Amino acid sequence: MIWEIVLFVSILYLLNIVLLTIIVFKGPTIGDQVLAIDGITYGSIVLLILFSIYFKEPILTVVAIPLALWVYALDIYVSKYLERGDLGA
Amino acid sequence: MNVYAETIVYLIMAVVSLLSVVAVYLAIVERDLIKAVIYSALQSGFYAVLYYLLMAPDIVLVYLPVAVGLIPGVLIVLISKTERWEKE
Amino acid sequence: MDAEFINTYLLLVTLTSLLANAIISIYGLFFKPHYTKKVIALTILSDTMNTFAIYLGYRTWVNGVNPRPPVLTSTPTEKSISEFTARAVDPLPQALVLTAVVIGLAVTLFLVFLGYILYTHYKTLDMREIKKLKG
Amino acid sequence: MRRITELAVILSLVLGVSVLLVLAASILLPGIEVRQLAFFYLYTTINPWFQNYTVNSPEAVTAIVWDYRGLDTLFETSVFYLALIAGLALARGLFSETPQGSFNEKTHGLTTIVKTVTRVTAPMIIAVGASIGLHGHLTPGGGFQGGATIAVIPLVFIVVYSTLFLIARGVTSNKMLVLRSIGLLGIGFTSIAAFLIGLAIGRFAYVFQNMPKPGAVVGLPADINGALISGTLWFFNLFEMIAVAAGFTIAFIILLLAGRGGSGGR
Amino acid sequence: MLDLFILIIRYIGLALITLGGFASVIAAIGFYRFKNFYLRLHPLTINTIWGCVFPLTGISLLTITLEELGAYKWFMAGASFITALIVLMLAPAGSHAIARGVHKSRTARVKPCIADLLDKDLCG
């Protein structure tokens, strides 16, 4: 039963990713797009770890930590550009 | 259930690559270059999921910092030092 | 419409999307006038080509058993090694793509420096105007 | 409206061409078998019964990168540094002036919340990068991955604080140049380590040799006290990680110093 | 006794994962229902905490009961728990940074506006 639940929840997360991607495509401002990319990333972290359980390959879990870190980097690049206009200052 | 599992994995691969086509198209036609960089970062995220499902964790580990962490930053530096809008 | 047909169709959707990505990015590389847009199109093109290489090294599922990454996680015995070679995907394209990604970042940095120097010379990055200025 | 039409055309082309391909060809699809060369790599990457061919590393990708095809990777590393140095040489003549002013917590960078969170998480990120790099012969990872992971930290610090902050803390481009040269020298020495040992004890050995081979019994140990280090792979990963991280840090410092006070182009 | 304990931990983990799946879909719908940028920060919080942090905790509880994963199961439980901690720390800081940047640069307006005490011109 565990494997069925894991597969079902992974489909829910796929739905989340698709819906948020449409927000990225139509969101009027840059802020909406970056927020939706954050949501996509947090969804795909859980999606990838669920598939790592389903495949019974625990070492595939390593990829989740960088995914959580780098979207933060994208956030602050855009934020600094919008706030200051110069990334070095 | 295993039969469905194979189809579901391939379905996620197909959906993710179709969404990446849309992201690439919008990145190419968009006039605001900051938005183009954001679309290209989105495409990189989709490719990372695709690499994961193609069983290449090494490539995911090197591709995520490079394509989501460093290249958007470097391109935004270039845009902030030059110009933001692509003229008609 | 049996399961095998749907699986093949979905795999080919992936392949064709990669092809479409390559075509769109080549169009952007040649026909878009702005320098930064050309750099973005170049990174997308190289990523797509890397993905083709990875895709060709994949192997499909056999009787509901998934393939596994080319990393052995158990202690090496006769049985585990034969099971590993029967299921692991091709490691060679991954090893080649690994260095290509990092070299791609270095080339992008070079192009960014070049673009900034172009801007200090011409005060614009639009290729049509740079061609007009001739100087 | 025009965009939506173009998108619909492209997406329907993709789906339709897939139908044609699924009916016509099966040659582009991945099958259930791998090629013979890949089978060889997978079979011998760690195999106690093939002592003359094995690398003693459970990770086939790192084994290919640094052992089976080590010479390729050495040349790819040199290509990568040539591209980096070409970029720096372009920047060198124009922006060599030293920065004015000193770092001020109030006026430079983003808010205090972001600064504190970045300061707390940066050691964690560096630890994650180092573990990815140094476990490269056991789990997914390696020198390139760890170096690229660590190289994001200088860029994040430059954005969150300022370029002046890094320079005030002593992370200058000259020190990074020294660190990068240490990494490159380490790669060079590791590639001829077995050869040097062979010269010292008077036995025949190859350049880029890892494990003992037939006819050349010199080799580096596969494990130390039972902890697997896979001969040269651990050292290659360590030095490549240092070199990649330091090389990118130089480029970021010089790029973010160049022409300070940009217009922003709003 | 031990079997019952393992069973309870496993069901708690599965419940957290399932709740997280539904919460993520609800958050994605919330992105459509809220009408401007500042309101959309709210469904993002749902997506972060209910849709990512709790399922990751649940996964780390679930994996320590699964014997099929072999010797690396403790590695997997620890890695997912550390990911949950990192998301818990970094996501609010990122949202704060992007909200402040957007408000300072005036790219998004407060559309159904009651009061904006920081910047009166953005209202309406």
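Note that the chains take the letters A, B, C, D and E in the order they are written out, and that residue 1 is the start of every chain.
Keep in mind that, in the parts below, a residue touches a chain if its C-beta (ideal position, glycine included) is under 8 Å from a C-beta of that chain, and two chains touch if they have at least 3 such contacts.
All values reported here derive from a predicted model rather than from experimental measurement.
**Q** Kindly list the shared contact partners of chain A and chain B, in label order.
**A** C, D
**Q** Kindly list the shared contact partners of chain D and chain E, in label order.
**A** Common contact partners of chain D and chain E, which must touch each of the two, are A, C.
**Q** When the contacting C-beta pairs are counted for A-E and for C-E, which pair yields the higher total?
**A** Looking at contacts between chains, A-E has the larger number.
**Q** If I average the CA coordinates per chain, which chain comes out farthest from chain C?
**A** E
**Q** Roughly how many whole angstrom separate the Cα centroids of chain C and chain D?
**A** Inter-chain centre distance comes to 17 Å.
**Q** Quick one: report the Å distance separating chain A from chain D, using the average Cα coordinate of each chain.
**A** 23
**Q** Compute the distance, rounded to whole Å, between the mean C-alpha positions of chain B and chain D.
**A** A distance of 20 Å separates the two centres.
**Q** For chain B, what residues touch not just one other chain but two or more?
**A** Those would be 5, 9, 11, 18, 21-22, 25, 57-58, 60-62, 65-66, 69-70, 73-74, 77, 79-83.
**Q** Among the residues of chain D, pick out those that touch two or more other chains and give their numbers.
**A** 10, 14, 61, 110, 114, 121, 132, 139-142, 144-145, 148-149, 152, 155, 159, 248, 255-256, 258-259, 262-266
**Q** For chain E, jot down the residues that touch at least 2 other chains.
**A** Residues 70, 72, 86, 90, 93, 97, 100, 105 of chain E each touch two or more of the other chains.
**Q** Show me, using the given definition of touch, all chain pairs that touch one another.
**A** Result for touching pairs of chains: A-B, A-C, A-D, A-E, B-C, B-D, C-D, C-E, D-E.
**Q** Spell out the residues on chain A that touch chain E in their complex, using ranges where they run on.
**A** By the definition above, chain A touches chain E via 2, 5-6, 8-9, 12-13, 15-16, 19-20, 23, 28-32, 34-36, 38-39, 42-43, 45-46, 49-50, 52-53, 56, 58-59, 61-62, 64-65, 68-69, 71-72, 75-76, 78-83.
**Q** Considering the complex alone, what residue numbers of chain C touch chain A?
**A** Contacts found on chain C: 66, 68-69, 71, 73.
**Q** Sort out for me which residues of chain D touch chain C in the complex.
**A** The touching residues are 10, 13-15, 17-19, 21-22, 26, 28-35, 37-39, 41-43, 45-49, 58-61, 64-65, 69, 72-73, 76-77, 79-81, 83-84, 86-88, 90-91, 94, 139-140, 142, 144-145, 147-148, 244, 248, 251, 255, 258-259.
**Q** Once bound in the complex, which stretches of chain D touch chain E?
**A** Residue list for chain D touching chain E: 110-111, 113-114, 117-118, 120-121, 124, 266.
**Q** Per the contact definition, I'd like the list of chain B residues that touch chain C in the complex.
**A** 2-3, 5-7, 9-11, 13-14, 17-18, 20-21, 24-25, 27-28, 33, 36-37, 40, 43-44, 47, 50-51, 54-59, 62-63, 66-67, 70-71, 74-75, 77-79, 81-83, 86-87
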